[in-house]
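Take this structure first; my questions come after.
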Amino acid sequence: MMKLSRFWLPRNQLASKFLPVKNSNIKETSWFSNYSSRLGISTARSDSIKHGNYSGKTYADFCIFKGKASLAVSPVLPTFSRLDSGSSKVDRRGVVMLKFMPAIGQRKYDSEKKQLFALSATEIGCLISLGPAESCEFFHDPSMKSSLEGQVQKTLSVSPLTNGEGYFFNLAVMNSVQKTNDRFSVPVTKAEFAVMRAAFSFVLPYIMGWDQVIKPKLESIGVERPMQREMRADPDFEWGR
Amino acid sequence: MMKLSRFWLPRNQLASKFLPVKNSNIKETSWFSNYSSRLGISTARSDSIKHGNYSGKTYADFCIFKGKASLAVSPVLPTFSRLDSGSSKVDRRGVVMLKFMPAIGQRKYDSEKKQLFALSATEIGCLISLGPAESCEFFHDPSMKSSLEGQVQKTLSVSPLTNGEGYFFNLAVMNSVQKTNDRFSVPVTKAEFAVMRAAFSFVLPYIMGWDQVIKPKLESIGVERPMQREMRADPDFEWGR
Amino acid sequence: MMKLSRFWLPRNQLASKFLPVKNSNIKETSWFSNYSSRLGISTARSDSIKHGNYSGKTYADFCIFKGKASLAVSPVLPTFSRLDSGSSKVDRRGVVMLKFMPAIGQRKYDSEKKQLFALSATEIGCLISLGPAESCEFFHDPSMKSSLEGQVQKTLSVSPLTNGEGYFFNLAVMNSVQKTNDRFSVPVTKAEFAVMRAAFSFVLPYIMGWDQVIKPKLESIGVERPMQREMRADPDFEWGR
Amino acid sequence: MMKLSRFWLPRNQLASKFLPVKNSNIKETSWFSNYSSRLGISTARSDSIKHGNYSGKTYADFCIFKGKASLAVSPVLPTFSRLDSGSSKVDRRGVVMLKFMPAIGQRKYDSEKKQLFALSATEIGCLISLGPAESCEFFHDPSMKSSLEGQVQKTLSVSPLTNGEGYFFNLAVMNSVQKTNDRFSVPVTKAEFAVMRAAFSFVLPYIMGWDQVIKPKLESIGVERPMQREMRADPDFEWGR
């Protein structure tokens, strides 16, 4: 009836990668050590952010630090372009960006060797509806339908952990020009995946741009109308549009 | 224990129908080819939007392009009318609009022959609570309760795919005056349906107008009150309203 | 594998009770007739709203009209009182208000005989976690712990429909002074309950006042800090508060 | 087929602890008495809030009052620090704060002996994905990785009630310096846990800071662009970033 599972979770998984480690609560037990989360300091140069052109942007990656690699997750909003009519429409769709970094020591990760994978709305839909024993695989080629098709190929596969309590997030990036083949493997616990699922479900409508569609317009509040209207054929806007 | 499913999903399902195809990642495998998503360019005239009267509106359809037809989904907010008291109430309820277009070639869809179907709150409730093996059917008649009842009839049926991993969205529009009978069939994968389910759950309260009801009013913050109030019979507003 | 269920749902369940019926799509089939939704015109006097003191309020009841009674559902926000410190705290908690009205003819409901039942956060939690074969019952006494305790008693019981596809919402109001005993019974379909579940889950944090707690404060954005801080014992606010 | 469960829930669980008890609806039946919620007045001094420095803050704890102890739950937002670039990033991550207080009489709880436990995003993920028969345990040490490690240890364990309809929330705080060992045990009903689950899922993205990431920036609406763009290799930002 009762399935006991113990977690010693790091207290500050959301702390910035620039901050020194503080208050780490990790206790590694034998069966858990392969999957245990670790706090890490990446080798990212703060210059790249300090002198960047990101005014007003907010960084709040959800980070999962494990023994061989880390996985950072964050949403990227769509961009819109304005039409002559004054309306807007989605130009570049939003994504959830996955950032993998290999470990280069105890709690250190190499941001120079990071690899990105941008999840589309439908790929997010696949992940949030994934059953506990199900797997899925996404394949991206930046040059598809161009003459460079096949030069770089990225494959993200998500498959259940052997204990059934979470998923492996495996990314393979094959570059046939540079003759490189980067592989990352991050075990994501059931609890961490639940955070992803809740956060992905939250951002999905924003990534789709639906928050902009439902933003109340001033015009949606009509002028006062008589309350007792005549009975008349009122063709529904399903037909009249 | 493990059920492997592979997806080669299009990268830019949310890209505008006016943009040329870019970075398509579709790999059609035999068992998947009937359901595979395709990017498409519709025949919609940009004029109809450019010279329209949609100032301030944002377009962000969630589009599913398949072999025989496409399905675009987007929310439509309710409209409100003001009462003499200064309050507002829902005038025309919101919907989720489904737009079907038939394919007229490789990745081309005919917007001239589009058909709309407006899902009410309860119909949305039916879809988001649909079990994996369940079906449902909605029937709309624009002229119901009028002398024209039965001239045009729309039927949307949603039924499981044969592999159990998604649903067919079938729309039939029968016009007994024009003697036409349009039929659309779009296979929606489990991942695409998960996007719908999350997006529909997100917009449902907005379609119902509840976001306006819970919008904090300035008056809801009362004046300062003494913290130690007398014990007194405080009839709950369940009775006092 | 496939369980077919057909719905002929009314198109404008959210339309105001003051508006004449339009575009009703109801087709009553034998097995469905007892549960079928009906559009209705209540006997509510518009005066009571027109001359009320509800400036700025928005009305957007979710209404379920059935053969013997109707059920209208809407959220009521909490009120806050200000403390001397400038902070605020919940004064009167929010609820989801259920309003029952008996039918007094074909699609007419008697608002004079309406009865209210205000669901608390925990009662909402009970409903949104209710399994398909589970029941629950809530008991309210407006005069509890006073000398009038027991004079008026309200009991809301929610129990599965015999076909398992929804719930009966039964309200009994017993007034031992007026010697009255009002009873309402509204069959709520699975689709209608899914709307309730989604809408209740949406409003629950607002009813609890948590939307005010998480409203970003200007102060939460601190001044610029040096990025390379000294390693030091930083007692977590779990202990320091 | 039908599992009947009866609830007599307190009407004002969200009422402030400073307010006198009103309209309590508790009926204790034999099987339910050990778990029944009780309204309580804590011994918290209002001074501590009145003269505090919490301008603009809103208090809206979700409180569960039981026989031996009470549990109050509320979200705490992350703080952000500004970078030289004008961007912001999460400084101190947000949490959901659990506050336990021991009972010191009929509906009285001792705030002097309160103990806090701050749930991280991943710990929240663990709770909201907890199956009905599952348990979990979190371990916090405020001085971990310092010379004081092990002096104070907090353990929160969440395990199913014997009737399977909820969870025990047990907190143990061991202080090896003060030689104290505080223990709290609060039975949380299925309905109360459903409130927690919904409220935790709601606040999780805010605790992670994702609401700030997806806050629409003015810059995200680009200038007008020609609608008919040239077909060109458009490297996805997955590669270009």
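Which chain is which? They are A, B, C and D, in the order written, and residues in each are numbered from 1.
The criterion applied here is as follows: contacts are C-beta pairs under 8 Å (C-beta built on N, C-alpha and C of every residue); 3 or more make two chains touch, one makes a residue touch a chain.
Because the structure is predicted, anything quoted here is derived from the model rather than measured.
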{"item": "Chain at maximum distance from subunit A, centres defined as averaged CA atoms", "value": "C"}
{"item": "C-alpha-based rotation, subunit A on subunit C, 0 to 180 degrees, nearest 5", "value": "180"}
{"item": "Distance from subunit D to subunit B - Cα centre to Cα centre, in angstrom", "value": "34"}
{"item": "Whole-Å separation of chain centres (CA-atom averages), subunit A against subunit D", "value": "24"}
{"item": "Sites on subunit D at which at least two other chains make contact", "value": "11, 19, 22-23, 50, 78, 80, 83-84, 88, 91-92, 140, 142-143, 212, 227, 233, 236"}
{"item": "Touching residues on subunit D, where the partner in the complex is subunit C", "value": "1-16, 19, 21-25, 27, 37, 49-60, 62, 74-84, 88, 91-92, 95, 97, 116-118, 140, 142-143, 146, 148, 152, 154, 189-199, 202-203, 206, 211-212"}
{"item": "Touch list for subunit B against partner subunit C, complex", "value": "78, 80, 83-94, 120-126, 128-129, 131, 133-145, 159-160, 164, 201, 204-205, 208-210, 212-217, 219-225, 227, 233, 235-239, 241"}
